[in-house]
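Every chain is named by a letter (A, B and C) in the order it is written, and numbering of its residues begins at 1.
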Amino acid sequence: MTQFFSVADVDNLSQLVDEALQLKSNPFAAENLGKRKTLGLVFLNPSLRTRLSTQKAAIHLGMDVMVMNMDKEGWALETKDGVVMDGNTVEHIREAAAVMGQYCDILGLRSFPKLQDREEDYSEGLFRKFIDYCKVPVISLESATRHPLQSLTDLITIREYWQETIRPPKVVLAWAPHIKALPQAVPNSFAEWMCRAQAEGMVNFTIAHPKGYALAEEFTDGADLIHSLDEAIKGADFVYVKNWSSYEDYGKIHPVEGKWMIDSSRLALTNGAKVMHCLPVRRDLELASEVLDGPDALVIQEAGNRVWAAQAVLKRMLEQLQEK
Amino acid sequence: MTQFFSVADVDNLSQLVDEALQLKSNPFAAENLGKRKTLGLVFLNPSLRTRLSTQKAAIHLGMDVMVMNMDKEGWALETKDGVVMDGNTVEHIREAAAVMGQYCDILGLRSFPKLQDREEDYSEGLFRKFIDYCKVPVISLESATRHPLQSLTDLITIREYWQETIRPPKVVLAWAPHIKALPQAVPNSFAEWMCRAQAEGMVNFTIAHPKGYALAEEFTDGADLIHSLDEAIKGADFVYVKNWSSYEDYGKIHPVEGKWMIDSSRLALTNGAKVMHCLPVRRDLELASEVLDGPDALVIQEAGNRVWAAQAVLKRMLEQLQEK
Amino acid sequence: MTQFFSVADVDNLSQLVDEALQLKSNPFAAENLGKRKTLGLVFLNPSLRTRLSTQKAAIHLGMDVMVMNMDKEGWALETKDGVVMDGNTVEHIREAAAVMGQYCDILGLRSFPKLQDREEDYSEGLFRKFIDYCKVPVISLESATRHPLQSLTDLITIREYWQETIRPPKVVLAWAPHIKALPQAVPNSFAEWMCRAQAEGMVNFTIAHPKGYALAEEFTDGADLIHSLDEAIKGADFVYVKNWSSYEDYGKIHPVEGKWMIDSSRLALTNGAKVMHCLPVRRDLELASEVLDGPDALVIQEAGNRVWAAQAVLKRMLEQLQEK
């Protein structure tokens, strides 16, 4: 594995999930694999879970970790080519990426979308340039349109909590309210991974969202798309709660009809569903406190599993570096 | 030891001080104790000494350290329960603490008071919630009302520089001027620890402050309280200089009568006292440069001892984790 | 070596360059030398290359590294003596340096000039005080007037890419345009190192800059000073591109006559010169994209060599610590 940017970078999904769960049961099994290797984590946007869990995963593998908060400790990067750099940007992504590739064996990058120009965000230009120029394996710590470490974590968590073998679980991605315009990266990515998992017989996948909040089709191929939350979550085994802004009217928030927040009474419509969220979650706006504090919430366990997702991916990358 | 928040968390004060001094003479004696254990240091406020010394202490014990500057690299945390989170706070302490507990074996937390609502600050709500929700041992890196690593350091330093066995040293906490309203955490904590040390025959303890600057009674039980600096420091063996804002008229600064800054001529009233300060110190405002640069100042040695205080506490916590 | 502040701190220039190149071919040759030693990197200004490369170098030597971004995570330091600290500065450099020296075996410090008072900047007061008060070996991560790790890197890179033994290469420091007033630290330091290298027969050194941009004489002793870029670069083997603000009219930018940016057609005047720049570089303002993206640019390799420069210096300091 030389990049981890989308589900397409994973050859065998089920195997990667299994490997992550094996690492969970034996975190230090490969503690010499990453010896003398350095992981650089580059953040153009803030991070809590992603930074700490990926750092922890690297430690388990014996790697050294260097964290670079470019937004706080660094300076503005230019991403466009053919621009005379006489403005606010101090360094071009071409040089910045290439230089960081000189110092690190594997790089992670986080970069949020600006939510102003859909084409620009969805081209993933910054991320692709970073991969091109740094010349080392790159792991996405969330890009403009995807958050694959979160999605792998989610699939790990679903497998961990679904022991039944007769049928795959019904998984519902449920849009939730918010006061800010959030990226589509987490729901895009979750949908992309669940559609792949569905194609491999691991889950049945439904998406519920208000009209005007459809995700880009490239991510939802094969999913049931429903505009009624109550109808969608009927019989659900897992409900994945997440807000996102409009893809159609790009980056905007529209007033929605009806109530979209999940509380205990609504949860009663499901098949005793476990409730997931990538965090941070705004209590009683996105999701009721009574659910978050109740026995069906998996959000903390899910966050804990971020370590094993990152560790499984880093392990693959290190193994490939070793083969060279 | 599963928490280090106040002197009440220490069973045997003298033993802990001895252990710290043993670690000082042999820093790497327990360098395998913390192997494969991760310390997470969470800062909601800036730190220099506390961060570096605690990180160094953890390194001596073989631990991995992850630092999270939530104020700079993260986002605003909600601490109140029952609030609809539709404002500026992005994540609730319930989730943030629980998640960090998933990634770390021991957590440290720094959180200053807001100095606006005394009841809120003195309830230590944020800190207690953090302890409750993270589910791992927590070491205070300074909370709203206490700074126990500093106080332990201070006691270590006093023992190190007081070799006489006939009588315990006279220790004076001396209020000093400042231009800003500072928390009472350091003086509260110093008083709390010195009162305990006095009860165990290790020191004689006096507090000198202008009228209107009395600390909360819960911290000063058994101390001599004097409103004249000159009278208080007579015969002192250690003078601990520190400013704090009013507890009574909470968080306010009152004009004070007379001069409260300690300089060389004033120091002549003592019994050749050593002068201490937790740092940072404002020269010639809180304390005269001539004292800081003279032979009686212990402030640098005191700061150096922060390592051994942190290491003694972390060692206790690691030993307890091992027993599990 | 107990300080690395200028070329004067290096006894044998050629030997240090050779040692760096040996480390490049065997990065972990001395991986136990820094065991149980801590490097503290203190930044009063942002850093990308310097921080990551020095951190990486320390890792290669087995050191632990603690990074302190005083500008972001800390507070304002007072550097003047005899000042009543009743303003914005929170801690004096005397205490801050001494305390950091308690926690670290070697310290690195970065501090840019303010470009307002030439005498103040060129006195290097802050840096010299830091060295005096911290009591441990100090490595400059760029000071007001010099950037010695960059200059050592540059000399390493020149040696690496100049295999000819019949004559030394012609090296030209070429002033380039910019929109901001930049420090003279990099060009001062480059000139200082190249003049020394020239004196030892390693290079022939020329400086090209517009009128009004002369560097301080103390740095340029023995260099050819030319005001025509085209004339200067004739026959050059290495062109080192860098902007700086005026030393004479201190910290100011003057309009310059003619074009000073190097592009491909201009490069044709040289002896197939390799092009260097310390980065970050503003494309098509300081240096043409076509050159940066072409086969003659060495900027990425040069940045990569920062690791070996830092490692050679740290190795010397560690060896000296060991002798004690």
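In this text, contacts are C-beta pairs under 8 Å (C-beta built on N, C-alpha and C of every residue); 3 or more make two chains touch, one makes a residue touch a chain.
Protein identities per chain, from UniProt: A, B, C = N-succinylornithine carbamoyltransferase.
Predicted model only: the values in this text are computed from it and were never measured.
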Query raised in the report: If you list every residue number at the chain B and chain C contact, are more than half found on both copies (same) or fewer than half (different)?
Result: different
Report task. Could you work out the angle of the rotation that brings the CA atoms of chain A onto the matching CA atoms of chain B, rounded to the nearest 5 degrees? Result -> 120
Query raised in the report: What is the distance in Å between the mean C-alpha positions of chain B and chain C?
Result: 40
Query raised in the report: Mind pulling the chain B residues that touch 2 or more other chains?
Result: 72
Query - chain B partner contacts - residues on chain A that touch it in the complex - result: 28, 43, 46-49, 51-53, 55-56, 59, 69, 72, 179, 279-285, 289, 292-293, 299-300, 303-304, 307
Report summary line: The answer for chain A against chain C in the complex is residues 36, 38, 40, 64, 66, 68, 70, 72-75, 78, 81-86, 90-92, 94-96, 98-100, 102-104
